[in-house]
Amino acid sequence: VTSSRIYLVTDFGLDDEFVGVLHAVLARTAPEIPVVDLSHGIVPYDVAGGAALLARAAPHLGPGVVLAVVDPGVGTERRGVAIELVDDTGPRHLVGPDNGLLLEAAASLGGVVRAVELRRETRDAARGRTFDGRDLFAPAAGALAAGASLPQVGEAIAPETLVALEVARVTSRELEDGRVAIVATARFIDRFGNVALALPGEVLDSVRTVGLVARDEDALVRVADAFGDLEPGELGLLRDANDAVAVVVREGSAASRLRVAVGDRVELVGAFGRLP
Amino acid sequence: VTSSRIYLVTDFGLDDEFVGVLHAVLARTAPEIPVVDLSHGIVPYDVAGGAALLARAAPHLGPGVVLAVVDPGVGTERRGVAIELVDDTGPRHLVGPDNGLLLEAAASLGGVVRAVELRRETRDAARGRTFDGRDLFAPAAGALAAGASLPQVGEAIAPETLVALEVARVTSRELEDGRVAIVATARFIDRFGNVALALPGEVLDSVRTVGLVARDEDALVRVADAFGDLEPGELGLLRDANDAVAVVVREGSAASRLRVAVGDRVELVGAFGRLP
Amino acid sequence: VTSSRIYLVTDFGLDDEFVGVLHAVLARTAPEIPVVDLSHGIVPYDVAGGAALLARAAPHLGPGVVLAVVDPGVGTERRGVAIELVDDTGPRHLVGPDNGLLLEAAASLGGVVRAVELRRETRDAARGRTFDGRDLFAPAAGALAAGASLPQVGEAIAPETLVALEVARVTSRELEDGRVAIVATARFIDRFGNVALALPGEVLDSVRTVGLVARDEDALVRVADAFGDLEPGELGLLRDANDAVAVVVREGSAASRLRVAVGDRVELVGAFGRLP
């Protein structure tokens, strides 16, 4: 019995057969390794959204291989890559397109020790060039999960040549009254409407109330330890399950209340001790 | 090879990584036990809907552990619990919040023999207090599935202190013409628009036609044994796959036709022999 | 360790417990065989859509059993069937209703060698007659996956009596200028809005540009090898991952651009060498 798993992240959705076909390819190449679907609900082509989801999930994954496909550049010259991590308490390898999808998770897992550009097996014209998830990435991920080494699936490339995404910036300025105004980006909105900001949770350590300015809201809100510290329907801030600052409404949707979407900016004003 | 499984029910949806992270935690704590997703489509915070779904699925489950998380009270003082059942032909343990989510299924599986309040492992501040599914319930469910005993995951509590949900009431009255009018609640509407009532199927045993009064309908309908006994598009009643009375339209949606939602009341008038 | 799998295709969706209950029944009847969800997102009652999805996935499946349930006729006299295929490099058996759902995949996998009408186990009145997926098809699929032979699950029937679907027709005519006009049906629209036509990909082999006429479009478009050969936002044609002609927009939705739905006709005008 192995605790090794192949972890999937894609923007394929679950209505079509694409995810099932990935599972089928993996069943042939790594029959003994169970597959875990982390998410197939990434917005189509949203590489940054996929990278963020993978980074949130990464600390909780056990040994195995991550196979991630959000790939607007499929069929172009963008490389397919496999990455090997320094640390092997979590997944050892990440496989996917070289478009930044994998790197934030790789960094949070200790960093890249080496990488390869995936070798394409014989090209079958009848398969087209539109489904590298099936034809390139899944075979490589299956091989690695089944014990292949990195050189067996591709040619070595320099890790520093891997494409990285721009990181969301946080800005802050000191106000005349001594308080600090931080402007951060909404990075992730979950099913419940909680709005996670690109801002580490420790920012909230020393404050009890914060002025919050977003598209439809300008309010003084409480900093809570948990949803249960707020009244039902109350807007507040908390340190969320991934250690980010989140704007929340108890038993309600903060995203609807504020009318913010991923990428929108939210301003927080308070007596913040630590600055991001 | 084991036929044991960990069965999941949540309101997490499948777009975010939450379900995948539960799987990852379970892969670490019970690597040899496959996980079955019963549903992650419960309406957010709908404890009663989750309890009803779990009760419908319960009779079909084999040995193992149920892990259910619909938890509007996460981070409050509500308890996290594990329940052990009398009968062990189906799942032996149910794990989740003590908010009524588990009890109807537990009753339908023979009843509770003992229960514990889950012990919280060391609190990690960086994890926040918002994702007990990951931090409290999944580790306990995994431990039980891997062979731990109830005392190993928590402190004994009296089963009669477990929080129960109110049961949907059915009312009936005899009419002057000798027929009976039953008012029942729509308890579950499936993907096909079939409307299951909180009314046992045997009520239909001795009737062939029934007067049906709902928001948008006042009609005499036939009692069928199967969809195929109705004409395409015909409204009717049948004993459904969970042995409840269901209002159906053959190859159509009864919920759309009647414009009823879960919780709405439907009146049935007929020469019912057995009363609920 | 087995590479055998049970592959599922249904129109059940993932919000209700139906899919989870199928998994539970399979866990009891074939505990050692992992289950792969190909899709549960078939439009309710869309037998042709389910048949097309299964045919697209079929070439990629390994050994095992396909269990497919899109079954508007449940509870009527339509037969439940299990089919055995000539070739055993892919799945050996297909199980489902005899309504055409299985036959296109069966043909693409080498054809049917024998078939049975499924034997119904003791009828339990309390289970109703509305969920043959749980009560008839899953037990049979599980038994076959666990090693049962076809006669153990049903009575032999003649393969030529199996119900087949009508095949989408393609028409073509030669124009005065020597070019050819082909009218084909939109057969499948995926999550990304790519519109696959019921037209083999080789039709595009010798053409570089094609006149495309659909509901909202009358344009000369390029034939590409891959999305990357088009400009972002450009409409084009390519041979897709299932070797069909597809109308696509790079990083956009061709279905939205053309406002076409499955079943709509699209006309292509070009100097086609091979006719369908």
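A, B and C are the chain letters, set down in written order, and residue numbers restart from 1 in every chain.
In this section, a residue touches a chain if its C-beta (ideal position, glycine included) is under 8 Å from a C-beta of that chain, and two chains touch if they have at least 3 such contacts.
Remember, it's a predicted structure, so these values are computed and weren't measured experimentally.
> Give me the step distance from subunit A to subunit C, shortest route via touching chains only.
Between subunit A and subunit C, the shortest chain-hopping route counts 1.
> Enter the angle, 0 to 180° in steps of 5, of the rotation superposing CA atoms of subunit B on those of subunit C.
120
> For subunit A and subunit B, let me know how many angstrom lie between their CA-based centres, rounded off.
So the centre of subunit A lies 32 Å away from the centre of subunit B.
> Please output the residue numbers of subunit A that touch at least 2 other chains, ranges allowed.
14, 34
> Name, in rising order, each residue of subunit A that touches subunit B in their complex.
Listed in rising order, the residues of subunit A that touch subunit B are 1-3, 5, 7, 9, 14, 34, 36-41, 53-54, 56-57, 60-62, 190-192, 201, 225-229, 238-243, 246, 251.
> Using the touch definition up top, name the residues of subunit C that touch subunit B in the complex.
11-21, 23-25, 27-28, 31-32, 34, 44-45, 72-78, 125-131, 134-135
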